[in-house]
Amino acid sequence: MSEKNLEDILKRVDQLEITKETSILSLINSLKNAGFNAKRLALACEIYNEMINDEECIKFFGLAGALVPAGMQRVVHDFIKEGFIDILVTTGANLTHDLAEALGYHHLQGGAINLNDLNDSDLHKAEMNRIYDVFMPNKVYEGIEDFISNLKIPDPQMSVSSFLRFLGKALPKDSQSILKICEQKEVPIFCPAFTDSGLALQLGFHNQKINLNHFKDMLEMVNLAWDAKKAGVCFLGGGVPKNFILQSLQFCPNSAMYAIQITMDRPEPGGLSGATLREAISWGKVNENAKYSTVISDATIALPIILWFLKESQRKKKI
Amino acid sequence: MSEKNLEDILKRVDQLEITKETSILSLINSLKNAGFNAKRLALACEIYNEMINDEECIKFFGLAGALVPAGMQRVVHDFIKEGFIDILVTTGANLTHDLAEALGYHHLQGGAINLNDLNDSDLHKAEMNRIYDVFMPNKVYEGIEDFISNLKIPDPQMSVSSFLRFLGKALPKDSQSILKICEQKEVPIFCPAFTDSGLALQLGFHNQKINLNHFKDMLEMVNLAWDAKKAGVCFLGGGVPKNFILQSLQFCPNSAMYAIQITMDRPEPGGLSGATLREAISWGKVNENAKYSTVISDATIALPIILWFLKESQRKKKI
Amino acid sequence: MSEKNLEDILKRVDQLEITKETSILSLINSLKNAGFNAKRLALACEIYNEMINDEECIKFFGLAGALVPAGMQRVVHDFIKEGFIDILVTTGANLTHDLAEALGYHHLQGGAINLNDLNDSDLHKAEMNRIYDVFMPNKVYEGIEDFISNLKIPDPQMSVSSFLRFLGKALPKDSQSILKICEQKEVPIFCPAFTDSGLALQLGFHNQKINLNHFKDMLEMVNLAWDAKKAGVCFLGGGVPKNFILQSLQFCPNSAMYAIQITMDRPEPGGLSGATLREAISWGKVNENAKYSTVISDATIALPIILWFLKESQRKKKI
Amino acid sequence: MSEKNLEDILKRVDQLEITKETSILSLINSLKNAGFNAKRLALACEIYNEMINDEECIKFFGLAGALVPAGMQRVVHDFIKEGFIDILVTTGANLTHDLAEALGYHHLQGGAINLNDLNDSDLHKAEMNRIYDVFMPNKVYEGIEDFISNLKIPDPQMSVSSFLRFLGKALPKDSQSILKICEQKEVPIFCPAFTDSGLALQLGFHNQKINLNHFKDMLEMVNLAWDAKKAGVCFLGGGVPKNFILQSLQFCPNSAMYAIQITMDRPEPGGLSGATLREAISWGKVNENAKYSTVISDATIALPIILWFLKESQRKKKI
């Protein structure tokens, strides 16, 4: 491999230009020819768009992190509404926050206040729970308790995903709730660590006999992965949602052909949340010929950009 | 507050000296008077030692991350053996790796090889699963399958923690297994995302009727937290183990009076794994008068140092 | 402070919506009401726009990191062309890469190649220098050497910033070079670690008597800070550019009233690059009443978005 | 490559055991057989020890970050005293803090205070400058000014390193100062961004004609690198010290055969401070056959451990 040869193979870095004609589509297309995380973000957009255009592809979406409190509920909602997600795996916390908003409660942010003036002891006295720079009033739990305690659960041994579908049905129609839109669009929600949530605590307190069947979910997920002719995965953060999707793909005939991860965790300490997608190739979870991109970015920045790009791309396609 | 006043209140930074008399105890004691993460690590050591010496304190330990593959199985084992952990919450992955070692399998590392010469596609062909710079041969799953398929599970609706105690009993005596020592020392293991693991997959494949009761675990954990006169928490990484411990403390009369976290995640993106312990005060999970320290460090570096310090401190105390 | 009071003071988190009317202005305005780094990015956009609209404000811009190789030369160029930067402080590396592009050379990226297939030993043999996922062919140095060796330096004891202005003049007119546009717009460039660069090495090899006066730069910078009725600062990365701007503000009557930082470094290890802007208040470098925002993001993602927002905001203002 | 073959090549991960016989030597030796950053730290210890034992090796040490305020002045001092460093490259800030301690001033830490109760505005009023969780009283500058204003600088055009040697000579004998021990042991100090420091500001204010020759340093450094039969490098943090050492090695016949980096920065955003040592192979700065280890750790944790290991190893060797 000589310098000459390499120069033939490599591509010139384009110096990005922002003009008054710049659109989300032109921006992302230009960034593909840049470097570092800008390029990775552009690749993630392109790969996700290909996943959508590939009719055979089943799109698994792993959602960790506190996205609803940070104002991303509607963004995730729209991913589902637009058909960009086929199977959702998430945390109990995200569902608890989603339920809170669906029931008419709200998360709060500092607005004009300097957050450094808010002391956590004072916040505790004011019954205001802090999630970095956003807040959830404690009274939200009362609303959730009211709602949960009135549910007539059809089968105490149903799977968690069946219960979540039942929950979605019970929610008011005109909402931007993730639970609701999943039920409406028949997108299954898996939540392997469901009992690790405020929602499950209320459920357990009010239904001493409940024993939602987590194993049924696990096997159903494996079946969904097994049946997928082609799989695509997108992970926001890592955690249980990432692992649960990947373990289902591990023993299936078809590993993921498209893979995207948005994370701020780093790979060197060896945890799955920061692990590269490339590592998943050794496990047979991601295919060695897959298109993949790991974007090191806060999801609150990357996700709206990706959604904007996808919506515009799909709109253009239809025209 | 004048410079004069502040200087009276603040303390001089000691310039650390390493001599031939340096011991783990003297090193940590000196680092308490340093800055940055060295100071935080020294505080974590001191706080953990106080937890141990405080007979009223129930010590909750949240263990995430791939510590067994990285060579930390025995370190965790010894925390339990020495009585430094009363209640363990961990991931299915850690238990799967622990079981593998208990059954006589081993994790591997590069030794003399330059790991950059190992390609993930080649690793996949060689059936060698990569976890950053360590490896688990795929055949481990066969051993786990053999073991699991022969288990006579007493009750398909038992709690996960009861099942894990049953599993510990079934393991050979002379092992450094976490499952085994927990059973021997009667330390309960909680694993809220149990079905997110290779161990649970094998269990589900071979026991179609199994429905381990995750809600029983959840409520038992709340009861343990409720009964604790004084609670202390130590988190390696974040994830489900951290949240599960904290949610149990949230609604209890006594929030944690001691709190330690070892993590490489960062707080700004708002995820729980990187959240500061101070934030947990607003939720009433950590007490406003608690002693706490968050150490930004790879657990494989910090944990052996903490164990070394604790063992020496306790040995000195007995003399 | 009761929950009631707090709820009056705090603001509702808006759930962001992406529609076909979404523009860069509407996106950023919505994100101000979100959380985490999305909110911080929106605040950074707003603060920068205010700096521009504040006619008294002198805008100091600290530029570290390898932004030119990553495709951001034109973006920085446009910040200067549009009048968004009054004083630039940067690294010798950025100027070396800028000069390379100005002389007609290019940086390269992988294009269709899987970068994991490129081995650093092979790259070395092919004389291709790697900067994460972009590349600079070694022959660039020959072009720089040709150019530098033909310069007639007017005064071997001139300041570094005078030399850089002289260098800008010597460059071809029609370029997107940072050196060129700074000379054209009379924006001074400071480069305190100039001798830490390929550019300076060539200069030193060919001009044994050169002794550019770094102290003149240092004092000139202090004078510029002293004279600023109002100062605003924006840091991409940290390093020497950040410290050099802040040390100039430390002993001046007016500390910064606006402050922005885009960085991926973290604060806990105590280095300046990851230090929060709030810490700079204790030093009197940033004013206690300043508007400030630290965005934890790769600059290659955040900077194009900020420029896009600023250009559109300024365009709307003129209409 | 089959699983069989790979298993022959790979090595078993040893499960680390801490006993009452554990010493710093046994701990590090065990961690070589672990994974993640524990292994990297053990490798760094081993590589540094080899560098010391290799009589041909010239040991370049790049020191960034605020190590003196964090209590690591004596640790760096001892690296020099023991002969573990041949050439030191550092920041003006480190030298300013070193000078402050050498003149009898001290850095401060919180001691019993909860640092969250200290507000940066209040600190500013109290003239107490914050560096994460340590503090430098503003009056230190007065002491430095007194000292600097009384210096009789022999040659205003001397190199920075000559000036720093002169400064070391002027300091009191019995001190743990880095400047002093370097002068005593004839270890040259390079400081390419010298004018980016409080020390240089005072120098410039009191010596309007000073023009320390930075180019002389640059060329001297290249000569030192050129003459090194074998080079070894160790970087704490990145920044200018890392780049300055590496640029000197780039055009020399012998690139580094040993390389260590301790950093908390990450590689993906493309900055040099987080760049892997492997990347430096493509530039010819690190040799393709070099032994190298990048440890992702706060230097305040890693550096004392490495010094402890090296001192004990060398002591054992002499016996």
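Labels for the chains are A, B, C and D, by order of writing; each one numbers its residues from 1.
The rule is simple: a contact is a pair of C-beta atoms (placed from the backbone, for glycine too) under 8 Å apart; a residue touches a chain by one contact, two chains touch by 3 or more.
Note that the structure is a prediction, hence the values are computed from the model and not measured.
Number of steps on the shortest path from chain A to chain C, with steps defined by chain touch: 1. In terms of the stated touch criterion, the partners common to chain A and chain D are B, C, listed by label. Taking each chain's centre as the mean of its CA atoms, D is the chain most distant from chain A.
Separation between the centroids of chain B and chain C, computed from CA atoms only, is 41 Å. Averaged C-alpha coordinates put the centre of chain B at 32 Å from the centre of chain D.
Inter-chain centre distance (chain A to chain B, centres taken as mean C-alpha positions): 26 Å.
Annotation for chain D: residues 35-37, 69-70, 116, 123, 128, 131-134, 264, 266, 268-270, 278, 296, 298, 300 touch two or more other chains.
Viewed as a contact network, the protein chains are fully connected, with every chain touching every other.
Those residues of chain A that touch chain C in the shared complex are 1-3, 5-7, 9-18, 20, 22, 27, 30-31, 33-39, 41, 69-75, 78, 101, 106-113, 116, 122-123, 125-128, 131-135, 137-139, 176, 264, 278, 296-298, 300-302, 304, 307-308, 311-312, 315.
For chain B in complex with chain A, the touching residues are 64-66, 69-70, 93, 120-121, 123-124, 128-134, 157, 192-198, 200-201, 203-205, 210-219, 222, 237, 239-240, 243-244, 247, 251, 264-275, 278-279, 281-284, 288, 298-300. Chain C meets chain B in the complex at residues 35-37, 40, 116, 119, 266, 268-270, 296.
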